[in-house]
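Order of writing sets the chain letters: A, B, C and D. Residues in each chain are counted from 1.
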Amino acid sequence: MTEIPSKTKTGLISPTRRGALKTLAAGAGAAATMPLWARYTSAQSAAPIKIGFGKHATGIGAAYGRWYERTSVAALAKINAEGGINGRPVELVTEDDGTDPRRAAEVLEKFANQSDCDVAFGTLFSHVVVGAAPRAGELKLPYFVVSEGHHVASGMLNRWTLQPGITDVKSQISAMAPFLTGTLGKKVTMIYPDYAFGYDHRDNLAPAIEAAGGEVVAKIAIPPTETSFTKYFPQIPRDTDVIYHVMIGPAVLTFVKEMGEFFGPSRPEIFGFIDSLEATDLTSPGLEFLDGTYFWEGNPRYLQADAPDYVKAYRDAVGLDENGASVSDPSDVSTSAHMFGCWETLHIIKAGMEAAGYQSTADRQKLVEAVEVMSMMEAGPAHPQGTKMFNGKTHQVFGPQYISKVEGGKLSVVKTVPYEETIYPDEVDYTSMSF
Amino acid sequence: MSRKDLTLHLGLVALLFALHFILPAYHHGIFARVMVLAVYAVGYNIAFGYTGLLSLGHAMFFAAGMYGMGLVSYHFGVPALPAWFVGVACAAALAFVVGLLALRTQDVSFMIVTLMFAQAAYLIILYFSEVTRGDDGFVIPGALRAIGPFDLSDEGTRYIVAWILFSTALLFSLWLVRHPFGRVLVALRENEERARLLGYDTGRRKLASLVISGTISGAAGAAYAGLFGYVGGSFAGVQYSIFALLWVLLGGAGTVLGPFIGTLFMFYLIDLATEVTEAYMLIAGVVLVLLTLFAPQGIVGEIRRRLWKDLP
Amino acid sequence: MKQASDVILSTEGLGKSFDGLRANNAIDFTLRKNRVHALIGPNGAGKTTFVSMLIGRLAPTDGAIWFDGQNVTEMPAHRRVALGMGYTFQITSVFSRLSCHENVALAARRKAGRGKGEVEAVVADALVRVGLGERADEVAGDLSYGHQRLLEIAMGLASAPRLLILDEPTQGLAESEIAAFKALIRALSAETTILLIEHNMSVVMELADEITVLNFGEILAHGTAAEIHANPAVQAAYLGTETA
Amino acid sequence: MDFGPYLLLAMLEGAVLAAVLALMASGLSLVFGVMRVVNVAHGEFYMLGAVMAWVVTQFLAGLGGGAAVNFIAAAVLAPLIVCAIAAAADVTILKRLDYDPERVIVATIGLLYVIQQATLMGYGPDARPVVAPFNQRIALPWFEFGENGFQMYYPWGLSTTSYKLFVIVAAVVLLFALRLFMTRSRAGLVMRATQLDRDMATAFGIPVEKVYALVFGAGAALAALAGVLIVPIQQAHYLMGGDALLLSFIVVIIGGLGSLAGTVVAAVIIGMSDGIISVFFTPTLAKIIATLAVALVLVFRPQGLFGVKTR
């Protein structure tokens, strides 16, 4: 099986953007005017399928949680407008996990035992995933994470935890390394958080850079309590060609700003993971100096000139303007590089449930097995970020990566690395593990 | 120990055992978790509630237990029970060393010193992230999470193990506060100088109290790792130190039942508040303020003050 | 220094300075067994500083303290208590949130080897002796000030010291209570040595076998009640200024 | 970077931290000194100051004000708003707790959650910047005796910004003003009298309750002012109060509780050592060492570096 069934069923592949929009609007509008029971009369059971969504509503991940929820709500509106899953409506059950591993585990218990969710989904921060995943395994609750951590593919977790909607840091890095050494320079200094997915970057960058013929000359790990950074910048070796930065949390803007003030007019090349500036307006004061630097983007924030219609449809559904901010508030910038994973994951859940003939929670194992046999996921309305390949053994998807350059306060994609160039050898085979 | 006290506490132990058969799945899981965390609060209560040592760093003892247990499992494949003992020993040793230093200070300085040590412990976990997996933490391999034939990841076993641990801690603390040693701890809390001039070596007793307290906290941390399979840096963070203080104060500092009641209350308060609003901590904050205004001795403390004077 | 066999406590050149201020200077003091020895002196004469050094609440700047043939100068307070020194506070310092019984029991249990039954007996006895037998279950903080003073003394009794240091025990007591107190001390003097720091001259004159007078941190005079009463230096320095 | 310039840079950074800390911690110290209570919500007042600065500048920018005018307005209004909030909290909560130290700690933890979550709801989870009134990068020269004798050059990276220098100067001026206020003004005198002996102050007809409300408000306003000063450098975020609270706790304790001069000196020491230790170690290790150093200072000098032994 190389194609997921949902692709052929979606009715959104229209030749023009306007057409796509129309379809979507009509579907959503029609669905909204009908009473709930009337919408799904064809289904055997009209009871909604419940998807438990662990949201970072509070704590350090709150900016992400907000956009994850918006994307998920939009994706479900689309899925419901198109007839739901197996003819049944789909409902999001949202619980705040406080960006805390213990609470996240409790939230999974709540999904499984209290609110009778069919699957659990969501969760970005890797410590939250690692803390919650063992509970998913024990509860035998399919847990679809949208985290980009390498924890899934590293084999640390279990058969019930999957990451089919977003690529992991290790593959992102292996996609970026040739560009760094080939285009920007051979000597790389990395600055990363001494927590969260900082470890994935620390562990994977140096091998990838060396494989691409470069060298990591310094690694500067920033502890979570830090609020000022200038004092660490002198630790950057003078002969550095490229600074590679990936920061997270509320201090990132300070970080980037102080880096600019430190270097002044004579900066090396700078390459960052957009995580450093997710949900942050690139025209914020102090960020002028980023002009001409490069970023990895999981999915382009700014609407690119050559964007296909399904990308525009996705952005309209989520409510993004051309700059990747909310249409209702231009200062409310999205977490574009990650949140698409929610949209795609929900479509994969739909596809998996339909392939497995999912009826009730008794079919949870069938659902996991159905997702495990998935492989190619063609770009389209269900996968607006691009064509991907899912590896059922490692429970991890591989997809295209974007390199963008800051020009005039906007990010323009300068290079797209296809999924084929991001693949690394398997580290685990979850399918050989028991349920 | 009066018969009435013993009946009350054994009654709670029996009730929790009975709940094992009655509670719906979700609440069953929650009670198991609350019992383990309540053990942490029981430990904290011995230092804070009974001895008057206001520590803001108990998360380091919880984490010492958790990491002591977790690291030997994860790196050396030690099975759960021996690993648990390693965790407890780590917490006891840490409490001893911290006590030797921190107990040279008093009051607010003691608060800050314990806070600083805990912060350093947290940063050390991050610094040695190649061993500890830092803030991400790690999962203890399922195969190791068993005591003999009992699989700790099984809901029933988990509940019973948590219940055994909690009951032991609860009855131990009841015994301790009735024992002459415990009475001296109370005397230290009330008036340290007077206790010294009655001939008590207050320094040694405070150290002993802190070690007992830290050991019980560590036992909770180690049990948490074994029962829930996850070891992570967030448990060593400041908020977990503050949690212990909150749970104990809410339930009633210096009462045997207070830590459990406080932990349970706080848990359901937050759990129910999340149903109403995303800003559930707002509700928690308001309740805290109201409690200090209208029930300053905590829930059990108020019961003692108003209804049951001899409640331990 | 070798102590004479009837001496329980002595000091040798004991002195204490606070930030250059000399509170006690070169005090040579001897306390004989089974006596009631009063320490008097005007306010600020250094009496409390002196006894605080005896019991170990303050470390002396210079000099030495001997208790029962042992140099205790460097010894922490709790070990001096273990050796048989007892102390009651000038400012009431009971455990105010605990019951009277528990207050005294804390003192009684200190003595090693006492079983539960024996502790109970000692506590009951001590409370009865100070006249608080009826109030064993009351919370100490609820007692009147005078009763709290008596509770202090009961705590001193229960620890069965060989030397009991009473710092201003009659302060705040009513006349009737003072009378009872005097009787209590007389009875006690058969069993133990008592060092009494006292303002109330009638108490001192009636109870004390020996009196030492401190003035400006130094010993001004030493002798029996009659001798002190007759001492012109004491009269000049002290009695003349005392209103009691 | 060479050692000398690096050290200078670290010290400059340390001085900025010290300036902000000194302001914030003197608020905490003032409250502790006069009222004898520990305000755990102090960090949230700092955060509120920063957030209010954003709100004020945002509002005025909408009216078309310039960056400098907006910032000055924020520096005046934000502390006043925060002062009012804190005084209200004092009157409605702390007063009714009779300033019992333990209960105040719990109540202010509650207050901390309330403020934090209310901010999350009203302001959101994002870190938002405020435009500095001026912010020029200033490259700094370095002097050296080399083979060619005395040399002056501009080392790579050695720089600061005019705004950072302004923060340092502003904090010094404000702290002097605070000192003058405490020692020279009648209100300051009343505060100090209340600090020395509450009962005596009451006997002399000082309205102690009002003084407490004012002191609590003034302490919060100092934190808010620190927040306003830092926000062009660090942005306003609803969780920013936590670490700031920890640091100012440390400063107040090291400086000796309730001693304003000690607090300022301690802020300089903590700020500077934070900067200087970072020269020698990797960031996380530097934090560990700094934290342990503070703990050990307290262990071996519990009364603080400048406090007077009380017993």
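General remarks:
Everything below uses one rule, namely that contacts are C-beta pairs under 8 Å (C-beta built on N, C-alpha and C of every residue); 3 or more make two chains touch, one makes a residue touch a chain.
As the structure is a computational prediction, the values presented were derived from the model and not from experiment.
Shared contacts of chain A and chain C, meaning chains that touch the two of them, come down to B. Averaging Cα coordinates per chain places chain A and chain B 37 Å apart. Inter-chain centre distance (chain B to chain C, centres taken as mean C-alpha positions): 43 Å.
Here the spacing of chain C and chain D, counted between their Cα centres, is 50 Å. Annotation for chain B: residues 123, 126-127, 278-281 touch two or more other chains. Residue positions of chain D touching 2 or more other chains: 117, 120, 246, 284, 287. Among the residues of chain A, those touching two or more other chains are numbered 58, 194, 223. Pairs of chains that satisfy the touch definition comprise A-B, A-D, B-C, B-D.
Those residues of chain B that touch chain C in the complex are listed here as 180, 183-184, 186-187, 190-191, 193-202.
Considering their complex, residues 24-26, 28-30, 33, 123, 126-127, 129, 133-140, 142, 153, 155, 228-230, 232-235, 271, 274, 278-281 of chain B touch chain A.
By the touch criterion stated above, chain C contacts chain B in their complex at residues 55, 57, 76-79, 81-82, 87, 89, 93-98, 102, 105-107, 109-110, 155, 159.
The touching residues of chain D, when paired with chain A in their complex, are 1, 5-6, 9-10, 13-14, 16-17, 117, 120, 124-127, 129, 131-132, 135, 137, 139, 156-157, 159-161, 233-235, 237, 239-240, 243, 246, 275, 278-279, 282-284, 287. Chain A makes touch with chain D in their complex at residues 58-60, 62-63, 65-66, 194, 220-223, 225-228, 230-235, 238, 250-254, 261-264, 266, 279-280, 284-286.
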